[in-house]
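You will see subunit A twice below: alongside subunit B first, and alongside subunit C after that.
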Partner chain A sequence: MDQIFDIFLLEAVLNGVLLGGLLALLALGLNLVFGVIDVVWICYAELIMVGMYAIWWLHSAMGVHLALAFVAGILLVGVLGACLHQFIIRPVLSAEPINQLLVTGGVLFFLQAIATVAFGVEFRNIGVRLPGVNVGDMNFSLARMIAFGVALAAIAATYLFLTRTYMGTAIRAISQDRTIMPLMGVNPSRIYLLTSFMGGALAGLAACLLVLQYDVHPAIGLSFGPITFLICVLGGLGNLIGGFVAAFVFAQFISVGGFFFQLEWGYVLAFLFFIVVMFWKPEGLLSKRK
Partner chain B sequence: MTMRSISLILLAALAAVPLFGPGNYPLHLMVMGLLWGFIYTSWSIMGRLGMVSFGHGAFLGIGAYTVVLLWNLWGISPWIGALVALVITVVVAVMIGYPCFRFKIVGHYFALTTLALSEVVRLIIVGLREQTGGSLGITPKSALSDGVTASVGALQFSSKAVWFYLMLGCWLFALYVWHRVDRSMSRMALEAISEDEDAAASVGINVNRTKLSITVLSAVMTCLGGVLYAQYQQYVNPETVSGIGISLQMVFGVIAGGMFVMLGPTVGAVFLMLLSEGLRVLIGNEVLGVDITIYGLLLILFIIYMPKGILGTALDRVQAGGAKR
Partner chain C sequence: MTTMLKLQDVTAGYGTFQALFGVSLEVKAGEAIAVIGPNGAGKTTLLRAISKLIPVTGGTLEMEGRRYNDLPSHEIIGLGIAQVPEGRRLFPRLTVEDNLRMGAFLPDARAHFAERLDYVYSLFPRMKERRLQMAGTMSGGEQQMCAIGRALMSGPKLLLLDEPSAGLAPVIVQSIFDLIRRIRSEGYTVLIVEQNIQQVLKVVDRAYLLETGHIRQSGSAAELLDSEEIRRAYLGLD
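Moving on, here comes the complex of A and B:
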């Protein structure tokens, strides 16, 4: 009996690792935006939902090839991110920080409701079901493995972009000192716009990976939105590496907790863990003491 | 006439409304307006002092579910259930509040930590689906029958007028608390704290204790709102009394009405309610989501163009006009 039990536990742990990669990608875009612009997009998960609907609509209703639909979805959500910044965040950039948080909350309600108006509350799926993969006695979903690989590749690409290119260096510089950089000839509003586009495009990429695994419906954002914020806060808002680590920690709580109890209890454990860590290290898991 | 006598006359007019038999639906709207006015005012007691909580859904959920579960499972009267709920709320508020304030978790971090709390409560309610009915919600067992229209012990009344006066009392109580906090030393202290915690501490303000007492006060009143909501509606659902949705709605209601004036949260509550009811009448129930679309759009516009809210902006206008003359 012990033998079988351990294999199932191992399966839960490995599934948690796969989930961790996806969560890390979800957290990356949000973290990038926060790190550079200092604004939390509460509506981030709703941007992903818009991407999922776009892909579903293009592929299932219009018959566009799936790969093309993916590209269109990524671009669309990227542009949406840039618009979000230009038309909604920019007017309140100098207002109180909490107003910036709240204005994106308004966007959350708006996007959720407009999706309901346009597509109804039914669950939609693109009709692509990838097979499972058996390793020994363990069973893994191929969609999850692809998501894990793509997420890691995207994270690596973002990291290289930020550290190896001129534009990436400018982005990091802005996030370190908002007042000095404009004096050095960097145009902050262009950097903000580009960062918002990148944040949106990462949300679009996440939408591609999620649409392979889950049905899309207007409230889907609420099911993984909170967890994305908590991962970012746990890793230290704006700290990309912290968010990466925190995603894997959270995923283990959800996967292994859900293995021993029910799925909700995995989430409850993860959230309680989050609250405890906030008291222990308020600036996030990987914070440096100031 | 002074402001005082005008408000007393308006209050008397409001209290007299049920005597003229306005019909069930308008009375229901007024009851809900007063209830949400009560809850939003409770939230704003701490929100206006720089502690923006996204976790008040947790306290609302604790209030609503504690009374319903104790009544349904063991037949314990909602009066005792409400006391139990209040005790749980105080414990939870201190457990979250004390470390938050001790470790100086403020701003975004405070909002997101409290958001986690409201999600924890929602997930626990869903997770205990054997007892709570999960996402389907739960209905308290009725103590009323054909001949019995009111049961004080079970806190169930079929007459909406009874509920109207009950809610009116609670709402006035919330306004009184708001007023007392507004005039107290704590408010001075808290405004100093929200400007600069270290400076406030250096002039002898006990930062943590002041913040914690206001938080507990606000949480307890919100919990009471949850109890009343459950008893009035006779149905609760994890999505409508806990979690991120209702917590955000509370914040928005207050912002829309005006966070820094006494009647602001109530104006916000009435405004949101009339908006959703009005749109429902205009558009009908066939097209889902149109009301929330407009609601979301309005919130965005409010925060960008009218951050002081409807009542706050209106009062500013009146004052500016008075100054010119």
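Moving on, here comes the complex of A and C:
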């Protein structure tokens, strides 16, 4: 009896790890944009929703090969991120943070409404259902395993880009001192645009991974938008490593908490943990700024 | 000697506040020039105007005979003008080497990164020891070395130094001026803005005295050191 119990607990922990990888990818794009531009894209999950619809429409309605639809989805949401910066964020770049928050909040509902007009409120899926994988007595979803692997690879690629290239170094530098960037020959507007494109492309990649697991509908952003934001806050907004760690902590609360009680209770515990951390360490578990 | 930087009747300021009133000056290739003056005279504003960090509202800026008033600030370094800003302004949470990498951001400079990095490390062996240290954790003097090294990574023709001795301990100040002498002997053309008048006049060829946005006096370093007005007002001598 003890043996069985341990196996299922191990399964819950491992499923938490798989979920953590995906949540870490979700947090990365939002954190990157905030860390560099100092603006929170409250509509981040809605960018993912647009990506999911784009992939669904291209693949299921237009018959485009799924791999091609994925590439198109990533590029489309990347461009959407760049446009979001150019036309929505840039005019309010020096405005009060609350105004920036409100304007991206406006975009959130705008995108939801547009999606409802375009595709209705029905749940849509791309008709791909990946099998489960059995390891001993444990069962894992293949879609989740793929999501975990791809998310980790994307996070590693982003890390290498930020630390090993001139553009990546400039992205890290501009978040520390924006005003002297021109003295380095860097045009700050271009760096912001590139960062926004990257943030969007990461949302697009998340859309590829999520559309394999979930049906898309106009309000799907609400199922993971708040979690993504809370994870970023938990890790210290703008702190990429903090967000990465927080994603795995949060995922364990959801997965193991759900194992001991019920699935819904996992979320209750995770959000309770978040509230406690906000009292205890409001700047986040791994804070960048005081 | 050919003229490198030439300013004619330059006016500039912040919003409605005018800080420079028709400043003219010239820097020839190979020269070291100082702009001296009291706090608030507009010295930093002058360097910001040269680098186009603030808009120039009148007059002309010329580099090697080419008027560059209309270039955006991020293209000035491409003309060969590198600035070490006031307060050093390193990226505190980047390593020394990443700070130096930022100095070589322009495509032309990237091609010479390895060779210039060796050069900067030979000039400042301390920077090589600290290459993986976060720049913000170094002492003021070390940060100044790193900031100068960062500017040299672009392979500049003209180096602008804004108050290199400000905020440093007196014993470090001396070593900073020794450093500037070395930079000079490496053949760089230097325009330096300083409040430490006595010290800076010992390392430059010529100087301009800037007061409330106007050039009041100019001449060789020796002439200014001997000038009645400067001795009384700035050096505390009779």
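Just so it is clear, the second predicted complex is superposed on the first by the 286 of 290 C-alpha atoms of A that agree within 3 Å, B and C clash if a C-alpha of one lies under 4 Å from a C-alpha of the other, contacts with A are read in each partner's own complex, and residues count from 1 in each chain.
Convention: contacts are C-beta pairs under 8 Å (C-beta built on N, C-alpha and C of every residue); 3 or more make two chains touch, one makes a residue touch a chain.
Here the structure is a predicted model, which is why all the values come from computation and not from measurement.
By the document's definition of touching, neither partner reaches A:213: not subunit B, not subunit C.
When the shared chain is aligned, subunit C comes close enough to touch A:180, but subunit B does not. When the two complexes are overlaid on their common chain A, residue A:271 makes contact with subunit B while staying clear of subunit C. Of the two partner chains, subunit B is the only one touched by A:113; subunit C is not. Residue contacts after overlaying the shared chain place A:141 against neither subunit B nor subunit C. Of the two partner chains, subunit B is the only one touched by A:88; subunit C is not. Comparing the two interfaces of subunit A, the one with subunit B and the one with subunit C have no residue in common. Interface of subunit C with subunit A (complex): residues 51-53, 72-78, 82-83, 85, 89, 91-94, 98, 101-106, 109-110, 150, 154.
Residue ranges on subunit A touching subunit C, taken from their complex, read 166, 169-170, 172-173, 176-177, 179-188.
Per the touch definition, subunit B reaches subunit A in the complex via residues 52, 96, 99-100, 102-105, 107-109, 111-113, 115-117, 119-120, 123-124, 126-127, 243-245, 248, 251-252, 255, 287-293, 295-300, 302-304, 307.
Interface of subunit A with subunit B (complex): residues 40, 42, 88, 91-92, 95-99, 101-103, 105-117, 120-121, 218, 222, 225-226, 229-230, 233, 237, 262, 264-265, 267-268, 271-272, 274-275, 278-279, 282.
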